[in-house]
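Labels for the chains are A, B, C and D, by order of writing; each one numbers its residues from 1.
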Amino acid sequence: MTSLGVGLIGTGYMGKCHALAWNAVAPVFGDIERPRLVHLAEAGADLAAKQARALGFEKSTGDWRELIADRDVDIVSITTPNAFHPEMAIAALEAGKHVWCEKPMAPAFADAERMAEAARISGRVAVLGYNYIQNPLIRHIGKLLAEGAIGKLHSVRVEMDEDFMADPAALFSWKSEASSGYGALDDFGVHPLSILSTLLGPAEQVMADLAKPFPTRPTQDGKDREVETFDIAHILLRFAGGISGAIQLSRSAWGRKGRVAIQLFGSEGTIAYDQERMNELQIFTREGRASEQGFRTILTAPIHPPYDKFIPAPGHGLGFNELKIIEAREVMRAISGETAHIIDFQSGLAIEKTVHAIAHSHRDGCWVRL
Amino acid sequence: MTSLGVGLIGTGYMGKCHALAWNAVAPVFGDIERPRLVHLAEAGADLAAKQARALGFEKSTGDWRELIADRDVDIVSITTPNAFHPEMAIAALEAGKHVWCEKPMAPAFADAERMAEAARISGRVAVLGYNYIQNPLIRHIGKLLAEGAIGKLHSVRVEMDEDFMADPAALFSWKSEASSGYGALDDFGVHPLSILSTLLGPAEQVMADLAKPFPTRPTQDGKDREVETFDIAHILLRFAGGISGAIQLSRSAWGRKGRVAIQLFGSEGTIAYDQERMNELQIFTREGRASEQGFRTILTAPIHPPYDKFIPAPGHGLGFNELKIIEAREVMRAISGETAHIIDFQSGLAIEKTVHAIAHSHRDGCWVRL
Amino acid sequence: MTSLGVGLIGTGYMGKCHALAWNAVAPVFGDIERPRLVHLAEAGADLAAKQARALGFEKSTGDWRELIADRDVDIVSITTPNAFHPEMAIAALEAGKHVWCEKPMAPAFADAERMAEAARISGRVAVLGYNYIQNPLIRHIGKLLAEGAIGKLHSVRVEMDEDFMADPAALFSWKSEASSGYGALDDFGVHPLSILSTLLGPAEQVMADLAKPFPTRPTQDGKDREVETFDIAHILLRFAGGISGAIQLSRSAWGRKGRVAIQLFGSEGTIAYDQERMNELQIFTREGRASEQGFRTILTAPIHPPYDKFIPAPGHGLGFNELKIIEAREVMRAISGETAHIIDFQSGLAIEKTVHAIAHSHRDGCWVRL
Amino acid sequence: MTSLGVGLIGTGYMGKCHALAWNAVAPVFGDIERPRLVHLAEAGADLAAKQARALGFEKSTGDWRELIADRDVDIVSITTPNAFHPEMAIAALEAGKHVWCEKPMAPAFADAERMAEAARISGRVAVLGYNYIQNPLIRHIGKLLAEGAIGKLHSVRVEMDEDFMADPAALFSWKSEASSGYGALDDFGVHPLSILSTLLGPAEQVMADLAKPFPTRPTQDGKDREVETFDIAHILLRFAGGISGAIQLSRSAWGRKGRVAIQLFGSEGTIAYDQERMNELQIFTREGRASEQGFRTILTAPIHPPYDKFIPAPGHGLGFNELKIIEAREVMRAISGETAHIIDFQSGLAIEKTVHAIAHSHRDGCWVRL
């Protein structure tokens, strides 16, 4: 058997991230054949050639359809702007390739549905790039919940905050146009949803209040333009089994850089996590005597796989980009027919459906059932 | 002029707290005449006498009406169970006494209205014991907001969590009976509401999801009884000026002991605070160059009055009970006709009104306008 | 039996602190007769009278010897500048009074020895005001060590840092004169020594490096004057049983306000504490399975006596001044002949002896055996 | 010009780390020609072949001398046990190769001297793998110090703690034999020394107390064997310019997994850092008004190069292994004759000299001048 042939479309940050992951996955895990970096596509043959050299790909092209037609390519990494995802992903699947596409699926729900349908028909592996769920500690949370370490889960809270839209003096940009979506909700609210969906399953009912911290933003010609998207979202959720929850989102939260603060409350304990300290997990249980009970700060360690594949000593810390290496390994696992910890196009569609339901609940001022 | 004569009804934890405050307010502040601890009422003359001796009161009685009739008493501290508040507070006000009554006002909204009305008619000072707002750092937050230190405030979040109802095996108690109220919402949700009301003014619209983590609880005879109150609340709020917000409440949050985590997001910065670390304040602004920006941890210091009245050195820490001493000083300020930082019966009524609106929004599944 | 008669000499911050403690000790603990605040002495009869009124004392005097001669006074709180301690404490003891004297004992070791001797001869209770050791969590550390919760202790570290001398532009003051002592070492290094002495017993050998961050300081007339004291100390210690340790002291540590960071390492675990978060304790033991091990953050709770005497709910926080109330209770316990958690003049003398040994080890550049 | 040819000797954790760095350095930085992974040596041709395939090397050999003789190899990564460093490094340098050797240099100081001499004679780049100094935040500390952000530095503290030797029941191993060195001091004390040496220059005087938490350890045959190394070290240091300092080391500190806690005190501020939270930096300066002063928690961001080469958004976190990629870039910089942020064999020798001086100061109980 020859090793997996990789094609990469797009070489922005996420493209580089995929390339690094494909380069590193074999050395890190040590249990798989090193993938061949076969073909790289970019806008323009020159750029493509330059990037292929830098990222270690054998061939390059200015036309992504050539890459998809390449018989040496087994899987296509799609890291282009969201609007291109449907066309590229569907073409790749139809050409019999596996697909690893960055999230979210597509601006329009109908396109996301077509992608999921194409994946279903093709029988190929179609994975979305939800890398937060690959953190060994997020996985460990899943394990703890499954084991009942905090008893029966009854409520959850997630906050996801960044500050790239926090400055009211920042010029009006495409992120404030309705055509870009709802705002924080689809911009990065899909991450909390992906994490909750992995840990708890999908929400059954949602109700939200979306808000505009700055109703207008200045334009380059010195005027004020009305903002069409919501930089803030406050969301109520109900899950199966009577679990209640809330998500807070803001891309206008000064000082927050990559906060994804999760709190999971159960009948026997509480788990807390913050992505800004992605190598730490907090857990409270009633173990031991009362006078020494308290939240424990757990540092990632080899006992939390697959951290052990990266570093043999505890407490030394993984980086955000390294989650993509773990994700690459899972993609390869899916291709080999093994159980894989991924969000495929089908699960991804459920996330996008939830996003739209949340937006509708805000518009209508009432609960929406999924 | 003689000094202020104090009467105290009730000597549970809060009664003791009032007594300590009345004992300490003059030594701590050094700018007022020492109040005389005149009269103490408890259930039964013997207990009253014993407590008067311990807490430093001159007279004692087993009948609180005697205390209210005492001409040496200028102000009555009411620290009995909530159900007694209306009768006692109204009687005291009608007797021309000032009143310092523990929160919340009364189980029934109509009673709270009667109390507010009695206060209005009496012209006396009528204060509720919302001590969280007396923390020098909470006051400092108010000052920062007023100065525009974080620009224009656009969104807020508060979480208030404890774990005294977290154990599903704990026996069914009166706190799970509908007669005790809605649950976490009125049990301690009034604290976040008091803080937000002080900092932002009252909410204009609310929408909530109240939840029962444990639908039943065991009774002493080994059966399961249906729980009638909500140990959890997820609340959406809209304030004047387009400010949006959310409050999360839980009395079933394992490991949380006195968490009141506040986040205030403005156009120029963010403020964060947690009551479990009540001597620390977090603030982010864009001061200084970008490479050194970050949340600052401010420790309470003499520069945050009235901490200076307690300790001349920074960073040594106030305690929860000491907030009551500050509150006593504010009550005395109100009596002297000075501007005081208090929640009077009128503001207290607005808080109780919000509590009921939140409960109704849950029941009806839609926004309630206040 | 009449209740304890209290005399107070000095009404600066510490005097106020003693007064507050004597006012509060009976209401807080509820198991003792309320002490009578009998007599207060200050420099000048007017100030004394004013302070007596504010602090709740019956009599006042401008001559401390009158207070000591007062037959109604059973115990004398001495809170004057250190230089006055020997004369006042010895006079009080010789008059048959108990003494509660603020730390440190005296600038000169010979005076401290005279004080200890006077205490011994008098048979009275003679206590030093080392209040850090009264924190329920510091006591709990003692309990944990005694129980072997972290196995056999093998090493310790303490850092004590403030920043009141951190500014090199601050004018030369008496704290930079050799007559004030060695510097940070006796200024507040006695606190870590008191804590370690309580937890481990006294050090057997010491070796130190004292340092001057600013060799000169400006004087009011615009010149530079050579600094004679050491604002920084790095200390090595050896205790009985092969326990090794280090203390770092600085009164020039910008941003540190009341840091007393303690780390205790044992064969089965580690305990960490920082006075700036005096209501939290960190403990690591190998309890439970490896994947959930980590430092626990314990919040003070009623299970850590005597916190329960202050607040019935966990996690609400004691303040620095409240430690003095606990200390007052211990002083009363000692007077009643009960076992008390105090540092008496004898133990205090051992601390002062260690201070001098540390200074000598620096001067001579070698270990000093105690 | 052809790209850099890389040889790698040793494929344990550090070998893998080097391989990952060589694989990733070009994609990450995007400004250099991708190095060719030419030759890999391991103990045994089979293992070498397997590892070469996994790690992406073209050739493999069971004899490291073949690798050094390979004309396609420009630089040799040496990641074998310390005892092999001298022979391999000197052979590589003599063959005209650049060398990137893991720290420490060699068990014997004379061998380290020979290595430094060989490097000097060869004129080749000879770098030691001190990766902690490559953290963008550690570099940023260097920049802050150079700019005078905290004024004139006057004192420093470093703690480095892990717990892999904390269990007294763990069997006696080679780490407890004198032949392995002094203990924690050379095992990982070289890291704090490398960081301080980069930030402040080398120490001028040292004085230490080395300690054995467990005098004996059990052997497999059920006996107790005397421990010959020191798992704990308390070190005093004096640097040029009157800077004083202390280092605490322990490999028996339960719960500490990769703690390297650095505190730098200056005349205008304080910097604090802990490797267990390697994406955070604490800084205190007196900027802004007093009521908002406090330690700031800075999250790594693109403004702290070369984080920007990894991730375009702030606060997402680098991992420990990724520091090796930065180090690889610096090694390449050195080879190109650019200024590089590295510890070369000459600086490395000064670190090893300090290690031995510290050990001697303990043995002799007095200060040692370097």
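Going forward, a contact is a pair of C-beta atoms (placed from the backbone, for glycine too) under 8 Å apart; a residue touches a chain by one contact, two chains touch by 3 or more.
Since the model is a prediction, treat every value here as computed from it, not as a measurement.
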| field | Per Cα centroids, the chain farthest from chain D | value | B
| request: Can you spot which option in A-D, B-D or B-C is basically A-C again, with over half of the contact pairs the same by residue number? | output: B-D
| remark: The pair out of B-D and C-D sharing more C-beta contacts is C-D
| query | Between chain A and chain D, what is the gap in Å from one C-alpha centre to the other? | reply | 34
| task | Could you grab the centroid distance between chain C and chain D? Build each centroid from C-alpha atoms only and quote it in angstrom. | result | 41
| Centre distance in Å when chain B and chain D are each reduced to the mean of their C-alpha atoms | 53
| In chain D, what residues contact two or more other chains? | 256, 285, 293-295, 299, 301
| request: Provide the residue numbers of chain B that touch chain D in the complex, in ascending order. | output: 140, 144, 149, 281, 283, 285, 287-288, 290-299, 301, 303-304
| task | Provide the residue numbers of chain C that touch chain B in the complex, in ascending order. | result | 13, 16, 19-20, 23-24, 26-28, 30, 33-34, 53-56, 162, 164, 256-259, 276-280, 299, 301, 310-322
| message | Give the list of chain A residues in touch with chain B in this complex. | response | 150-152, 154-155, 157, 159, 166-168, 207, 209, 211-215, 232, 234, 236, 238, 242, 244-246, 248, 250, 252-256, 265-270, 284-286, 293-295, 365-367
